[in-house]
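Take this structure first; my questions come after.
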Amino acid sequence: MATTRGAQEALLEVVDLRTHFATADGLVRAVDGVSLRIRPGKTLGVVGESGCGKSITALSIMRLIERPGRIVSGSITFDGQDLLRLPEDEMRNIRGNEISMIFQEPMTSLNPVYTCGDQIAEAVSRHGSLTQREAAARAVEMLEQVGIPDAKRRAGEHPHQLSGGMRQRVMIAMALSTNPQLLIADEPTTALDVTIQAQILELMKALRERNGMAIMLITHDLGVVAEMSDDVSVMYAGKVVESSDAITVYDRPHHPYTKGLLASIPRMGARRERLDVIKGVVPNPLNLPSGCLFKRRCPYAMPICDNAPPLRLVAEGHVSRCWLAPDGGRPELGEAPSAAEAEAAALTLTVANP
Amino acid sequence: MVGRSLREIIWARLRRDRVAMICLVILVVYYLIGILGPVVAGILNDSPYTLHPDLISEMGGKPIAAYGGISAAHPLGVEWGTGRDILAQLLFGLRISLVISTVATLMTVVLGVVIGIVAGYSRGVTDNFLGRLMDLILAFPFLLIVMSLSGVLTQRLTQLGVPEGNASRILYLILVMSFFGWPYLARIVRGQVLSLREREFVEASVAMGAGRRRILFSEILPNLWAPILVYATLTLPNYIGLEAALSFLGVGVLPPDVTFGSMLANSVTYVNVVPTYLFIPGTALVILVVSFNLLGDSLRDALDPKGVH
Amino acid sequence: MGGLTTRWSRIASLGAVVALVAGACGGSSATSAPPASTAPSTGASTAPSAAASTAPSASAAASGPKSGGTVYLLTQAQQFDQVDPQRAYTGEDMAFFQATIYRSLEAYTISPDNTKASQLTPDLATDLGTPSNGAKTWTFTLRDGVTFQDGSPITCADVKYGTSRTFATDVISGGPTYAIQYLDIPSNKDGSSQYPGPYKATAAQQALFDKAVTCSADNKTITFNLNQPVADFNYTVTLGFSPVPKAADTGESYGVAKPPVASGPYEVQSYQTGNGGKMILVRNPNWSQASDPYRHPYPDQWEVDFGLDPQVMDQRMIQSTGNDQTALMYGGIMPQDLATVFVDPNTAQPQYAGRVVNGYDPYARYIWINVQKITNQKIREAMAVALDRASYRKIAGGEFVGDLADGVIKPNLGMDYAPTNMWTTMFGQAIPDGGDPAFAKQLISQSGAAAPTLTFNYADTPTYGKIAAAVQASLQAAGFTVNLAPIPPGNYYSTVFDPKKAGDFGIGGWGADWPNASTVIPPLFTVKGGWDLSQANDPTFNTAVAAANAETDRPTQAKDWQALNTEAMQKVWAIPTLFGKASLIMGSGLATGTGANGGLYIWGPYGSNPYGDVYVK
Amino acid sequence: MTETRAPNTLTPSSPAVAPGVAGAVAPDTLLRVDNLVKHFEIRGGLLGMSRVGAVKAVDGVSFSVRRGEALGLVGESGCGKTTLGKVILRLLPATSGRVEMDGQVLFDIPARGEPRRRPVYASNEAMKKVRQNMQVVFQDPYASLNPRMSVGELVGEGPLVHGMTDKKEREALVRDMLGRVGLNQSHIHRYPHEFSGGQRQRIGIARALALHPAFIVCDEPVSALDVSIQSQVLNLLNDLQAELGLTYLFIAHNLAVVEHISDRVGVMYLGKLVEMANVDDIYANPRHPYTVALLSAVPEPDPHRRKKRIILKGDIPSPANPPSGCRFHTRCWLREQLGRPERCTTEEPVLRALGSGQESACHFAEEISPEAVASAVASSGPTVTAEP
């Protein structure tokens, strides 16, 4: 589906990514057709409930999928290169240097036996040819950049001596120490208290402005997504079900799941007696229903939903994996384009630049 | 639709594990032979005690037939000098070995679980005292004590009315092995109880007004039998090996009774001339111990809670 | 159990359980009282002779003995029990010392033939000694040119001093005590001699000894005055009468701290005990063949290796590689290896021809019955009749460990032995070797008492454990109930000698000190004898024994011992089981001077290796 | 856009009124908590015996819960809200303070300063009776159900312990409870590992209801659940309260969730109650600087309402040695604006009523105004230092 305005080359484009897990109990299609794109310097919010495959997507991008997981198909184009075809040593140059990643549990992602300064210095020297002293200085500098008071002393401390918020800042410092073009943040503030979360989100916004890096922010918290994202992709049961810019997704959601999600969260100051509910539960990955995976829980379910809806362009820069008409109404019968053709069109989607 | 209880799931998973099944069959056969030992020996019309001097040559007590007197009547050969049937000895020896190791394991489990729970649940002084007691026992030089006390204690046992001869020595072995064995299990059980009592479902029961006894027996104990079972299947082969070692060191049963250990001990003298005396009881012992260990491992994997989700 | 048992079972299989305590030496028929005649005595009549294995000729042996080379002696013991000449009392030790470092007045002939070997040959003395005053006085004259290793001549005073050391029983302990028993020195009320030995004797006490043992003016002739007529005192002087220079004597530590003063063809260069310890003997420069027609010291050096594992020793001797080619082994071949080297007791496997031999050792084996506990003779007879002696022997090791015995006097004691017909006519009917349970039951019913419950004592070793099972099975077939009471080997004899701990019957063994049954019947069956496990105390029997002891006419004395042997068997004070045999082996590189075709033979008097007759091929 | 609290239009799923609830209007207060203190001693010294300090988890909290009310307790980690819940349930022994539930004193232990008197504890029988009336729903659906008991046994355990020995009667009650929490009655023989997180939480709730309690302590009941499941459980809790007249003490860190379900909300910071008010008042105009900061920190699920925030400096202090005077003074934006008045560091503020049911523990609560908040937001600024 061509775009109208000059297509802005995407920094990272994932097309029809499939990552499956051969577990003892059967094949789990954790990621089964994910397509999304991140524009340079912009933040893509990837939102979805647990088990929807958002973390697996991130790990696939970083090619950190281990047995029994395997990236089955699809392409991940970053800066013009398909990461899936890269040999391991070249991938190692990108990982941590061009693309950095931070995780949810800061406690477990920092090595308890090394001081924070050493860990950052190590990350820096691995990708640059700095002497040890230069790397150490760079480490202290990075700690100051992420707003850690008395950085010099803190550099000599071990992770267990720091609070959750502080440790997350060290993670960010380490990730940004190599000036990556893209920062993948997997549930960065989920484990933090709300006031500390606010500090980290502010920090990420400030660093984004200053370094101009793109961010892929993965979270289940619709508030955090709204706060940080330029574009949003909603995932459900291993697939992207809706993508657009943040305003569109929140104001004019097309996919019933997105609508249900937005309606079911309690909002501060907007007390309602009863929350709208998405009935039922997420389908069991071991025996997924045919057709649209959301059909059993969807208030708009129609017979056509028995065949899998493709990711269709429903508006300028707004795709949705649902048979509902672009305006959200019921489509006339028989009008459904063949699934394959629609899918192909969607693949060339570009996101309009608001 | 009736839910599949944990026990059923574990049994289903075990059944899928071929190794575990083979070991289970072997062990059942061993225990059957153990129980039916005398009957089996009866069928072969031979007891381990009857002497067959006719089968022995004048050459220093060497059995006439080759490979230690292997013949139709004595498929595994006969003992040097006395001509007693090795197969019958093996069957009777197996019985004694199994009796000693199984009873010792049961006593170890009972002692270990009870003391483990008391220590884990009572906390405070009792826990401290029991903990130190366990450390004390674990610090004992087991072999030294066992060997030096064997004479004295077996006599004490006979004075207490235990029938003469091997009964008191077998009882002595059982008592010593379980006395020095229970702390290992007690520690595991104590650890489990300490972690279980912190679990929210125990707090929920307390909040429900359940008493101390109900918490122990309906909340904590059912979650303990998995580690206990695994420990038991791994301790039993240890005790079999231990009994064999003690017999080797002369603390085991007296002739004319034999166990795997004493058979191995006697075979060393003739190892150059009649190696079968070593290999036959040796192989039987190895198969028994390995089967228990493999079964224990398979059981541990089957019981692994992570697997249960 | 492993290490401990094997050590004991080795000795058990050798039949020398008694050796460590009782001390023994074989003997053969002594010549008649008259001095110096070396006429052959009446050889053993019926007992199967223990000829050395008639092995096909070994080529090297044909060229005759030559000197040179080193002979190794492998032993499991950590050290020699005693190196002090007055204290050595183990058969194998005495045989080795006599062939190498110590000379004594008289010595046994070096010969493969049992009878010849049990006759004396003059060593330091010029002749077989001269008895006088009714055999209460004996004089011996020393040869010329006999010296100690430092070259100093051996004088009558040295022999006298050596003999006097035996009296210091607190320091010189564990050795033979015939000097105390026979020398004419008054004794105290408690029976101990008034002379306390050279270290503590006052002048008066020393005078007592000097009166009993006197030296001639030229210090060459020594005279012993005895307190009783001893027809074979010239045999007694082979036990603890060796010369020791007073200057070199260090009392209790003599021979241990510093090497002892040697008089024989070799001297002790070094002696280090314990596992891996060694004793090295090198040629004594001051020894001359002229002064010692008795010995032919062929090897240049002897090396004794201590603390070796018995099973390993057996394998090394069988494979015989490297130094083991010129090695001898202390103790016999283990039962399980017999089949490897022997076809049957009298023929070796071809590749071991001349290197192995099976023959009598000094010991007679029997089962003592405590007559104080089993008073009814009929019951004792039933026990004897019921016993399955054939399987007893088979378990012990078959023909190799001995012949089925009919008494406690062994055929190798020459004229003192005569068949007792115990198993043929004594009980009125022939008793099969496998025992006769039916006849035993008859005897029990005749005894008028029920078959008692018996406790059987034996040393707790695997072999004896099996023997005990056979004894139990055979007696229980006759109606007895038998409880097995094993005793740790280390304290077997201390237990069975303690009336409170002893059982009803048990395994025993005994070797004559020298070829006279006077060292067998009195010790075993008279209370004063010192080894009366049967607790026999029959007054008429005791007086007969005293008479026999005093009998100076050897052939008459022999008749007395034969009668007493038969009487003891009739009263079933013991059930004879085996006349013990040993199986020895030597390295492939060794040969013997007088053995058949240079082959190995058992030296009768001590049932030991022929140390004095071995040479490197 | 605020909606007033619409009357409860939902009709209860099953007509039967739970026997436990007294028909007549009970006296107003169901639960009274007076000056509750809970310190966790830190052992140290040579033998680990001597007391070297204490984590002051709950440091003097007083409040009461009216019958039929849902009192929310919100605060960040380490503020002591979960400990408070467990101490009230007597799952943890209190250091001092008094708790009275429906007229029955659970415990009354003199505080250190008070004149010495013997502490009072409800006897075991009394406690058992109280427990029948006071239940709990835990956070982690996987840990709060005994894996080796079937659903029937789990939900039926309470009644069994309280004497309902007849199997039939119990089973009927269990089926009723399962139906009431929206679970299929056939699940009675199934085991916990066969259910999803949301379903397990329903089993936990059914278990609590089986004793027909008047009061349920919900300790972060939905925090571990996904958003869509969360709303189902919140609705369930709401319906049950309306239908059975239950009283909730609802503990959570998600302000939106607490606002949704509570009638009144208490905000806790470092072991103390800093503010207590009706739910609408507290969100519309908070009267404690910490509450203001807390509310401003929550990101709105609406891109249009991205707002500047008050960013508190530094980390939450350690409860082992809390700051002197007002515990929030080290991070308080209001104190900065007021030029760091000395009172904040010397005098510990008391929770005082400010009218219309609002209580706040801040000496200068009256100074909080929209303008003050705006200038605080401005001064927060990015925490990132200037360009290197």
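Letters A, B, C and D name the chains as they come in the text, with residue numbers starting at 1 for each one.
In this text, a residue touches a chain if its C-beta (ideal position, glycine included) is under 8 Å from a C-beta of that chain, and two chains touch if they have at least 3 such contacts.
Just so it is clear, the model here is predicted, and its values are computed rather than measured.
If you average the Cα atoms of chain B and of chain D, the two centres end up 53 Å apart.
We define each chain's centre as the mean of its Cα atoms; on that basis chain A and chain C are separated by 99 Å.
Once the centre of each chain is set as its mean CA position, chain A and chain B turn out to be 56 Å apart. In terms of which chains touch, the assembly is arranged as an unbranched chain of neighbours. All chain pairs that touch, listed by label, are A-D, B-C, B-D. By the touch criterion stated above, chain A contacts chain D in their complex at residues 49-50, 141, 144-147, 149, 163, 165-166, 193-199, 201-203, 205-207, 210, 220-227, 229, 246-247, 250, 260-262, 264-279, 281-282. Taken together, the chain C residues at the contact with chain B in this complex read 1-2, 4-6, 9, 311, 315, 334-340, 342, 344-345, 388, 390-391, 394-401, 434, 462-463, 465-466, 468-470, 473, 483-484, 486.
Here chain D touches chain A in the complex through residues 1-3, 5-6, 8-10, 76-77, 196, 198-199, 226-232, 234-235, 238, 253, 255-257, 259-260, 279-280, 283-284, 293-306, 309, 311-312, 314-316, 380, 382-385, 387-388, going by the rule given at the top. The touching residues of chain B, when paired with chain C in their complex, are 49-51, 53, 56-62, 79-82, 164-165, 248-250, 254-256, 265-266, 268-270, 272-274. Considering their complex, residues 1-6, 199-201, 203-211, 214, 218-219, 222-223, 305, 308-309 of chain B touch chain D.
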